[in-house]
Amino acid sequence: MALDKNQIAQRIAQELDHNMYVNLGIGIPTLVANYIPKDVDIEFQSENGVLGMGPFPLEGAEDPDLINAGKQTITTMPGAALFDSATSFAMIRGRHVQLTVLGAMEVSENGDIANWKIPGKMVKGMGGAMDLVASADNIIVAMMHTNRQGESKILKKCRLPITGVNCVKKIVTNLAVLEVTKNGFKLLERAPGIRLEEIIKATEAELIIEGEIPEMIL
Amino acid sequence: MINKVVNNIDSALKGVESKMTFMFGGFGLSGIPENSIAALSKKDIFGLTCISNNAGVDDFGLGLLLQRKQIKKMISSYVGENTEFERQMLSGTLEVDLIPQGSLAERCRAGGAGIPAFFTPAGYGTEVAEGKEVREFNGKPHILESALTADFAFVKAWRGDSAGNLIYKGTARNFNPLMAMAGKITVAEVEELVPAGELDPNQIHTPGIFVQRILQGEKYEKRIEQRTVRPRE
Amino acid sequence: MINKVVNNIDSALKGVESKMTFMFGGFGLSGIPENSIAALSKKDIFGLTCISNNAGVDDFGLGLLLQRKQIKKMISSYVGENTEFERQMLSGTLEVDLIPQGSLAERCRAGGAGIPAFFTPAGYGTEVAEGKEVREFNGKPHILESALTADFAFVKAWRGDSAGNLIYKGTARNFNPLMAMAGKITVAEVEELVPAGELDPNQIHTPGIFVQRILQGEKYEKRIEQRTVRPRE
Amino acid sequence: MALDKNQIAQRIAQELDHNMYVNLGIGIPTLVANYIPKDVDIEFQSENGVLGMGPFPLEGAEDPDLINAGKQTITTMPGAALFDSATSFAMIRGRHVQLTVLGAMEVSENGDIANWKIPGKMVKGMGGAMDLVASADNIIVAMMHTNRQGESKILKKCRLPITGVNCVKKIVTNLAVLEVTKNGFKLLERAPGIRLEEIIKATEAELIIEGEIPEMIL
């Protein structure tokens, strides 16, 4: 069965190493925080100026002066730090934030990502996405394998205006885990019960398929 | 000590004119200079260029200036939580210059720090890079971005003193310290104004040299845009 | 929370090698990482490039590394309070790269902030500008300066927590926060190390993300270079 | 009589306007702080990271964590702020510090200044001087009119390696007050009892002398 959004987040959580600083984008990436193993120490950075972000506040404890980049009310963990936007992007641009997880509308086989603009539609802006994808050593995309029209979002070449070039390292979709290699997309894992043919059919780009492709373990 | 205190919003806004460039601190509705914005929205000044990470909502924040069509151009990283904004943008009456958020922050800081331009990797290969110089450093392409400054910068802090020193609270800090640096005239409004000497010099976020006028804000609504809570267990 | 605490200076210095580039916080003798410098001066590592605003005095600060001829090259803005430094420089065994102080600070910050180069007016028309790109902005010539980074940055703070967050005191802050950003491995020594949660997140000068190792300093001499007092009236 | 160092400082203090942020260099400039009129509000910035610098501490109250750019122990005034070196030079480079007073070895008639290096002698470095002279809107030089060999330090062209170009606005020496104009040095004031001829003789550069040149009032 194809994964739901929570399961995509759960699979991505397995990519988090001990002692990593992580920036989670809006949407599915935000859910990743719910699946961090208890023994793995992670700190979440939000680009509006907080390191050591904690869970949402209890009802009645919301503070308008404490929000994340999605403008949601948040809390901080012991050891948190607050700072201005220039310092925040110094952390991002200077590669101190090791992992960025974000959503995408399209990813191409050279690692380009498009996630900010659809020509003809109202453009809301790139926010911090262009800085994040231009900088992090490790960028994981969380998204559905196809769009609402059933068209593949895993492409030879992005059709939409791109957010960054050669930056995506891994993609976790509802159907598969893909790695972006020098030679293109390599299929690493299948969603439980999803057949190879279904993944190939849903993918516009060529897939490198070597040996037996295991099922994800969630 | 140089005294920066102004006693009312009229004195704080003295000198604002049509066609000027203004900066506004804040991220979403958090940390925005509420009193300055409200007062500007009552003035007959138009054709403004506004630099702000976001553009407010229909009835709060910069939405108030949009309602009266005071803004000619917005320079932001993320906009459109706001139907009036969308209407003016799609009808072509509002110019919009979208900038990566980190570049926006750094360009404001650069403007205040006397650095006219710097290289950043953000936006390389995208339409943001169009017309900009590209140069490789350590094998990685970067684009040249220029400093931003403003005729007035409007910022909001938690506490401030009569010398213009500011301390922000939580993530309401965001763009405020950077824009405070970049305003020819920086107007700071604060929740609590104290005499010089009451703030610990070691804990100042914005030194008073960057602030030309400081004002005790009359009232703060501090609206929450996305109230998100977890259940009590 | 990511724990950065190391329990002794040997663990703090793990990985230091000959020919590496080190940064040292401090201005004169104020805010220098005393314990790290003392321990480095006992290690058999040589051919070092050291980036520090000053070079210590004969028997304290970086003077200790100069005595043992561990330094091949100094990158500083002001040196020579130190006869051994002068001797090695004049005899040609010590390379010295002198940089305007503001450019030194900004180049370290840039190194930590992923900005590979920026324009500054400082040094235009002087020998500092030799070989550097010159460009006019608003009719004023500027030179292009590049980022600085280091294999290790050694910084000293007043208080720190187990997450690596740092608070400095007085003018002992100086270059420390900038060099903390620019070290591949940043070692912070502090006068007082507290558990995470004890420092106010709003008052952190260096967020822990910039610090890889934090150490309770064993002792601090905090020598005063120019004791200057006024008479009691 | 030619001015002594304290009198040069006293004359420069007259240049300070209400509500000015001022950076004072080492040497004679430091003395300027002693002559600020009581009703003029000034804040002193020191480039190692303090705004609102006060007088030297009382004996026994010295704090090794509180020094000025000359490494002297200092105090702070109410309303002071402390910050890092990058922020400090942001204030300087960004022209928030309105006036810089510093010493010089030579000044040329186009406003170039040399004050950091003598070829053949031990070079200690420029410290913050190059940033200061490249930035401040107003730069006043405090110095002796001639060097110890009696040679003029007011020159057509600097002979020593320069610290900055076209930056000095005014010079106060033991003999005179000079303004740097587009056309060269303009003599504004004579030290009390000093004759025009003495100033002309001590000056290598041409002097613009218009009308009666008044004596300084100290």
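To keep things simple, chains are lettered A, B, C and D as they appear, and every chain counts its residues starting from 1.
In the analysis below, a contact is a pair of C-beta atoms (placed from the backbone, for glycine too) under 8 Å apart; a residue touches a chain by one contact, two chains touch by 3 or more.
Only a predicted model underlies this, so the values are computations on that prediction, with no experimental measurement involved.
Chemist: Consider the two chain pairs B-D and A-B; indicate the one with the greater count of contacting C-beta pairs.
Modeler: Pair with the higher count of C-beta contacts: A-B.
Chemist: List the centre-to-centre spacing of chain B and chain C in whole Å, with centres computed as mean CA coordinates.
Modeler: Roughly 32 Å separates the two chain centres.
Chemist: I'd like the Å distance between the centres of chain A and chain D, where a centre is the mean of that chain's Cα atoms.
Modeler: From the centre of chain A to the centre of chain D is 56 Å.
Chemist: Taking each chain's centre as the mean position of its Cα atoms, how many Å separate chain A from chain B?
Modeler: Roughly 29 Å, centre to centre.
Chemist: Taking each chain's centre as the mean position of its Cα atoms, how many Å separate chain B from chain D?
Modeler: Between these chains, centre-to-centre, one finds 36 Å.
Chemist: What parts of chain C, by residue number, touch at least two of the other chains?
Modeler: Residue numbers touching two or more other chains: 106, 109, 113-115, 120-121, 168-170, 202.
Chemist: Going through chain D residue by residue, note those that touch at least 2 other chains and give them in order.
Modeler: 50, 82-83, 86, 89, 92-93, 135
Chemist: Edges wherever two chains touch, nodes for the chains themselves; is that graph a line, a ring, a star, complete, or other here?
Modeler: Graph shape, chains as nodes and touching pairs as edges: none of the named types, so other.
Chemist: So which chains end up touching which?
Modeler: Pairwise, the chains that meet the contact rule are A-B, A-C, B-C, B-D, C-D.
Chemist: In their shared complex, at which residues does chain B touch chain D?
Modeler: 1-3, 109, 111-115, 161-163, 165, 181, 195-197, 201-202, 204, 207-210
Chemist: Using the touch definition up top, name the residues of chain C that touch chain B in the complex.
Modeler: 106, 110, 113-121, 135, 137-138, 142, 146, 167-170, 202-203
Chemist: Going by the contact rule at the top, pick out the chain D residues touching chain B in the complex.
Modeler: Result: residues 19, 21, 41-43, 45, 50-52, 76-83, 86-87, 89-97, 135 of chain D touch chain B.
Chemist: What part of chain B is in contact with chain A in the complex they form?
Modeler: Chain B residues touching chain A: 27-31, 53, 76-80, 86, 89-90, 96, 98, 100-106, 108-109, 120-128, 158, 168-178, 205, 222-232.
Chemist: Inside the complex, what are the residues of chain A that reach chain B?
Modeler: These residues of chain A touch chain B: 46-50, 55-74, 82-86, 88-89, 92-93, 112, 122-131, 134-135, 161-165.
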